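Next, two complexes with chain A in common: one pairs it with chain B, the other with chain C.
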Partner chain A sequence: MSKVINPALPGRKTTFGRKFWNSRVLLLMCLPAIVYFIAFSYAPLPGIYVAFVNYNYRLGIFGSQFVGLKNFEFVANSGKLWMLTSNTILFNLAFILLDNLVAVVVAILLKEIQSKMFRKVSQTMMFLPYFISQVLVGLLVYSLLNSDTGFLNSVLTQMGAAPLRLYKNGDPWPFIIVMVHLWQKTGYNSVVYFAAIMGIDQEVIEASMIDGANGWQKIRYIILPSLRPTIVILLLFALGGIVKGDFGLFWNLVGRNPILYQKVDIIEMFVYRATVSDFNFSTASAVGLYQSLIGFVLVLAVNGVVKKLEPDYSLF
Partner chain B sequence: MAKNNDDMMDVSAKIKLTTSDYVIRGIGYVLITFMALISIFPFLVILGTSFETEENIISYGVTLFPRSPTVAAYDLVIKGGTIWASYGLTVVLTVVGTLIGLFICAMTGYALQRRDFPFRNAISFFIYFTSLFQAGLAPYYLLMTQTYHLNNTYWAVLLPLMVSSWLIILMKNFAKSIPHELTESGKIDGAGDFRIFLSIILPMLKPGLATVGLFLALGYWNEWYQSSLFLQNMSVLPLQYRLYKIVNEAAALKNSVAAQYVNVSNLPSESLKMATAMMTTGPIIFLYPFVQRYFIGGITVGAVKG
Partner chain C sequence: MKKFLALVLAVAMVLGISAVSFAEEISVANAADVWAKTWADVDTSEHVVINYMTTGDAPTTGANPEMLEMLNKILTEKANAEINIVWISWTDYLANYNLRIASMDGSIDLIGSSTDWLDAWPNAKRGGFLELSEEMLAKYAPVTFATVPAEHWAVCTYEGNIYFIPEDHYSQWTNHGWAYRLDWAKEAGLQDGVHNWDDLTVYVKYVKETYGKDLLAVWDSDGTAYPASGYISSFRKWRSIDGIASGALWGGYLDDPYTINNIFLDETDLLVAYAKLMKEWDEIGVWPTDVLSNTGADNRVEFRQGKVGLEQHHTQTWTGLVSPKADTQNTMYLTDEDADVGFFYWTEPAGYVCRDLVTHGVAAVSAASKNPERTLMVYDLLRNDRDCYDLFNYGIKGRSYDINEEGYRFTPDSFSSDKDGISTNWWWGRNDDLEIPSAAMNWDAINALYDKYEAEAVMYPYEAFVFDNTNVQSYINQVNETYTRYMKLICYGQFEDAEEIVAEFQAALRAAGSDEVTAELQRQIDATYKN
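Right, the complex of A and B next:
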């Protein structure tokens, strides 16, 4: 056989070169995205090396002195790493459980509402927090809770109670943050569950009612079991992201107030401060890499579980 | 059981609601009303307070119903003038970023679901991997500032929000719903892949374009994070980062209004924050009820499938 291959010629063995040439237009169509991800997602990867050096601005990442795992040891030994990890995970656990519980309840109750108009309007209202920036969320919370002009304290003083100085006391903030997260995400989360409920065969529900099922039994034996796969999948994927914190929320609520953030510090806030305020790129990168690795392993594990339970929903 | 098929229409008449049905329905109306009101309550507070005088805010706190309604704060923000530059910047970033991002996502999403594209799995994984493992903030920050030198340029905001793996996957799912026969018929007519994409697929992809485009536009409009990383020394800031600075920094508040209109020492800072918040978020609040169905579509497709 001749070594010279005319790739455009039909009837030849499909070699890589031929496949490549035949799909050149589709490849070109993917090229902008490929270049994009190389430039913004893959190009930063070698920079992870900064986690293993004592970073010096003049020498650059690869000229700085190699220190092995010193940066990891430093944050681990200070107890900081453990504190950040447990905060991040505990907050996410609270978010996942509460958000999904409330979203399921809201979705089920929405289904019970007969007036289409009422349902549409209330759904639209609940969806509003999804569309606003985290900056505005920070201002909204501040307007409600600050001790000088805040809404809460206006009400408290009118009732003759002492004002609460919430921005000078970190203790209530875990609760506040969980509540604000719930406020922001309920409309969004209930959308998915509501769609799943609407997907249940209406005749099944009607048949159960003809058979005399009451409202509670209908929810308990038909709606909840039908929602189970959705709930399980969403919970599992949420668990896969359990070491990733909601930076925007935390930063805009407490990020600039040391009294508050020391009580609720999460990995992202620490990394952000270390990068942007302290220019301590080596420590920041060490903590970031630690987080990325755990997150990576967790997603793989979760995907393995999902693949066993509901193969259709697995990511890869 | 089978004979019921004839009188399906009568089914609802045969259903007798039990007491617990009514109880649940009642709880539904009460709880949903409560949740809906809670969701918009903080906005109403901001809205009400933005029309209140600074003296009243200081003495009585924020309010739903201003005691002496005034547009003074809006007047000050508008006269300050610089907010229009921020508006212009945000609109340009949103429009340009959304259009380019949309085009890239649509091309890629279409190509990646083509069954006759042998590299679809490899490229899909190459793109998907970026959401599984990231370098983290510090290496990214160093790359953007020291290698690309994008700090204090608007590219640092425009580029990072333009494409994401989940938007491409979302677009791919929309493109999948277009029958492959359309591509085939285009091929038979002798059209190339790009021609097919432009003249056959794009018009069919409108729901996908609307959905992905709205996610992109919302991302650009609400952007403050990349700005906080890279736009330290810029005088004109995107709207939400401008709001961020005004909320968090006294100096930014002063700079946001022209000095000739007020005595800077007794700036109406609280009402100014509220008015700025309303002005930067207003367009979203007015628009989202009309486009939310696209987001709902995108969320239900995207939530369960990464």
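Right, the complex of A and C next:
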């Protein structure tokens, strides 16, 4: 093994070819990931050009007429670009922070559960919503909350209270969306942290117990610091997508109801509503490019900050 | 000398033209001879499959496989081709339809389309449809080419190219309005039925009070129908230009159709009156409380089953609702022997109705088709050949349908839709010359309405107009978004104050660029019509 990792023998110059040959096994293991990223991330890059043309099926992306920034006009003209972008970012910030916070808490709680059976059952129950399609989630929420036949309002009216007209009032929806998101994703997110906790050297924990640390101190001084790299890296990854909204979640919960979406509008929803009757690849790509550029800048910025504070944890 | 030559030429031309018109006129009656003559030198040695794309859900039961087998035998014999149906299911049909055309992989040949409810023009302009030259049509679809008049080919032409074949010889009316329960309207004191919005309000109030408890809703709307411009057209003789935006916003008054306006900016008083009426309907409880999120509803099926009292769609749909045997789901007639369905079309109070566009249904050839010639041949057969037409439209004689002594089509007693039904959604090549009227239809009621239509029908004034949206599409996108947002609020009474919401809507339309679109439309309309 050491031969592969450190192939340079004294007196020999390491060339790229030799390095490549010596690492062949590792590279082979990486191959699926490399092929995946080339095929789905790098090869389609030239296609970004479609955002700058008036796309014609027969002429193809590079044969179509170049129109410059015209495709970006419609989002820019809407006068809503700032509101949409900030809504999208704020929602994602809430998702990212709460996701990780709740996931860490849940992972620690799971770790502390002594009965293996109970732990497995609760983990499975939390994981289940992750597999439910967003369309069904939307219907579930509707049957819970709607005015005429919804579960919540049936209970309320049975008890003599006034029904809550949630689909006629946009204000509670940011909260409802975040709650539904957490319900759906926490089980999945906590798995990573749970694995990280399991990976912590048990001897350290045992040593702290012997030194008289209580449960809280164990979490505060051992588990949380050990989780820090995982938290930082997951946060960094998540930030790259902060300008990309979760269209499936928003569309299925809020959909075409303008009373609701004026409170929770995100870029994807607006673009979908404005262009669904237009079927225009070019405008859609223009918006996608705009989101990617902002995401790219954000990742660079955050990585820069992390590099300053904790050089070991930065991505590059 | 020059004058003499000109005279000789003119005489020769006149003679030439009359010589053509003296030749036997091509029609479905002599179609077989025409094909035999015109196709004699066409190379059909290779057997090909023509993939026909239509919107609709693929039938999982019924006699489609057997029908297609019989049909393909005929098509093979006459054009050495067979047809295969590619279905674009109704869920998100427009996006999937456009996507399939855009894929350009040669997997589809014949495309059913429409300039008002499917994106025929956008797809033509984006290069999805093959340009069809007159020579090509005359050679490979000779009967269709000869029977579609020149002025109808002209409306399928853009920048000198014909892009699709119109279904222009099929009688139907697709003007919108309300289908309602005529028996209940009579109970409510409306002996003649509903003929204006006041009648309709009396009706919905009565239905809510009398049947509200037994029904799912008076109108189990999913919040996606916006009758606002329909309301305005009850009071003003106005027609929208189809295919500009997602709603009927731009058009002109019929006495001056080429002065273009945005009806929602011009008719403020009517729009406010409409908003107030819808607020009243909301308070009556015509639709479910959460109508704007009521996405799961299927009001038409519920209407057929007698579970609701109102359906918003066009005349053609109503003909199927008023005829008890036209659909097996029409169970209201079984549970309620008095059941009867009336139709209030929006333009009725103003006393006019616009004829359908000839491009309401059109057939196009995919630009990626490997066999465009054969596609046209198959289309010509399906549209003009008796046997092909009957199989493709009605199914297998004796099983799917039969013909009675009066020449009407009926379903035999042995018929079961699971076993013998067929569906091809052939809405782009029907032909009155070959249509067999159905005995299942309530012709008394239908013809009474059709006669009324014929008496007050006016032509759609913008048939020759194809809009080039390049300069204003970004505004139209904004307007679409604004329109849908406010229509949902206005058409379902989801607001506090009618004047306020209308003013807000109009300001938002202007901010979205409505005036720019109006100006551009006016410019292009002038270029088309003011020469």
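Following the convention adopted for this analysis, the second predicted complex is superposed on the first by the 207 of 316 C-alpha atoms of A that agree within 3 Å, B and C clash if a C-alpha of one lies under 4 Å from a C-alpha of the other, contacts with A are read in each partner's own complex, and residues count from 1 in each chain.
By definition in this document, contacts are C-beta pairs under 8 Å (C-beta built on N, C-alpha and C of every residue); 3 or more make two chains touch, one makes a residue touch a chain.
All values reported here derive from a predicted model rather than from experimental measurement.
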Original post:
Is A:G304 contacted by the first partner chain B, the second partner chain C, both or neither?
Top reply: neither
**OP:** Would you sort A:G17 into first (chain B), second (chain C), both or neither based on which partner it touches?
**Re:** neither
**OP:** Go through the superposed model and pick first if A:L139 touches only chain B, second if only chain C, both, or neither.
**Re:** both
**OP:** Counting touched residues of chain A, say whether chain B or chain C comes out ahead.
**Re:** B
Original post:
Given the touch rule stated above, what does A:S78 touch, chain B (first), chain C (second), both, or neither?
Top reply: second
**OP:** For A:L234, select first, second, both or neither according to whether it touches chain B, chain C, the two together, or no partner.
**Re:** first
Original post:
Is A:R58 in contact with chain B, with chain C, with both, or with neither (first, second, both, neither)?
Top reply: second
**OP:** Give one of first, second, both or neither to describe whether A:P225 is in contact with chain B, with chain C, with both, or with none.
**Re:** neither
Original post:
Once the shared chain is lined up, is A:R256 touching chain B (first), chain C (second), both, or neither of them?
Top reply: both
Subject >> chain B versus chain C as contact partner of A:F281, first or second or both or neither >> reply: both
**OP:** Show which residues of chain A both chain B and chain C reach, each in its own complex.
**Re:** 139, 142, 148, 256, 274-276, 281
Original post:
For chain A, which residues are in contact with chain C within the complex?
Top reply: 54-59, 70, 73-74, 77-79, 139, 142, 146-148, 165, 167-168, 255-260, 262, 270, 273-281, 283
Original post:
Which positions of chain A touch chain B when the two form their complex?
Top reply: 19, 23, 25-30, 32-34, 36-37, 40-48, 50-51, 60-61, 105-106, 109-110, 112-114, 118, 121-122, 124-136, 138-144, 148-151, 153-154, 183, 186-188, 191-192, 195, 203, 206, 209-210, 212, 214-219, 230, 233-234, 237, 247-248, 252, 256, 268, 271-272, 274-276, 281-282, 284-285, 287-289, 291-292, 295-296, 299-300, 313, 315-316
Subject >> Residues on chain B engaged by chain A in the complex (per definition of touch) >> reply: 11-12, 14-25, 27-29, 31-33, 35-40, 42-43, 45-46, 49, 57-58, 60-63, 104-105, 107-108, 110-112, 114, 116-119, 123, 125-128, 130, 132-143, 146-147, 159-160, 162-163, 165, 168, 192-194, 197, 218, 221-225, 228-229, 240-241, 243-244, 247-248, 270, 273-274, 277, 280-281, 284-285, 288-289, 292, 295-296, 299-300, 303-306
Original post:
Can you list the residues on chain C that touch chain A in the complex?
Top reply: 94-95, 98-99, 101-102, 104, 119, 122, 126-128, 223-224, 245-246, 288-290, 292-293, 295-296, 367, 470, 473-478, 480-481, 484-486, 488-489, 494, 511-513
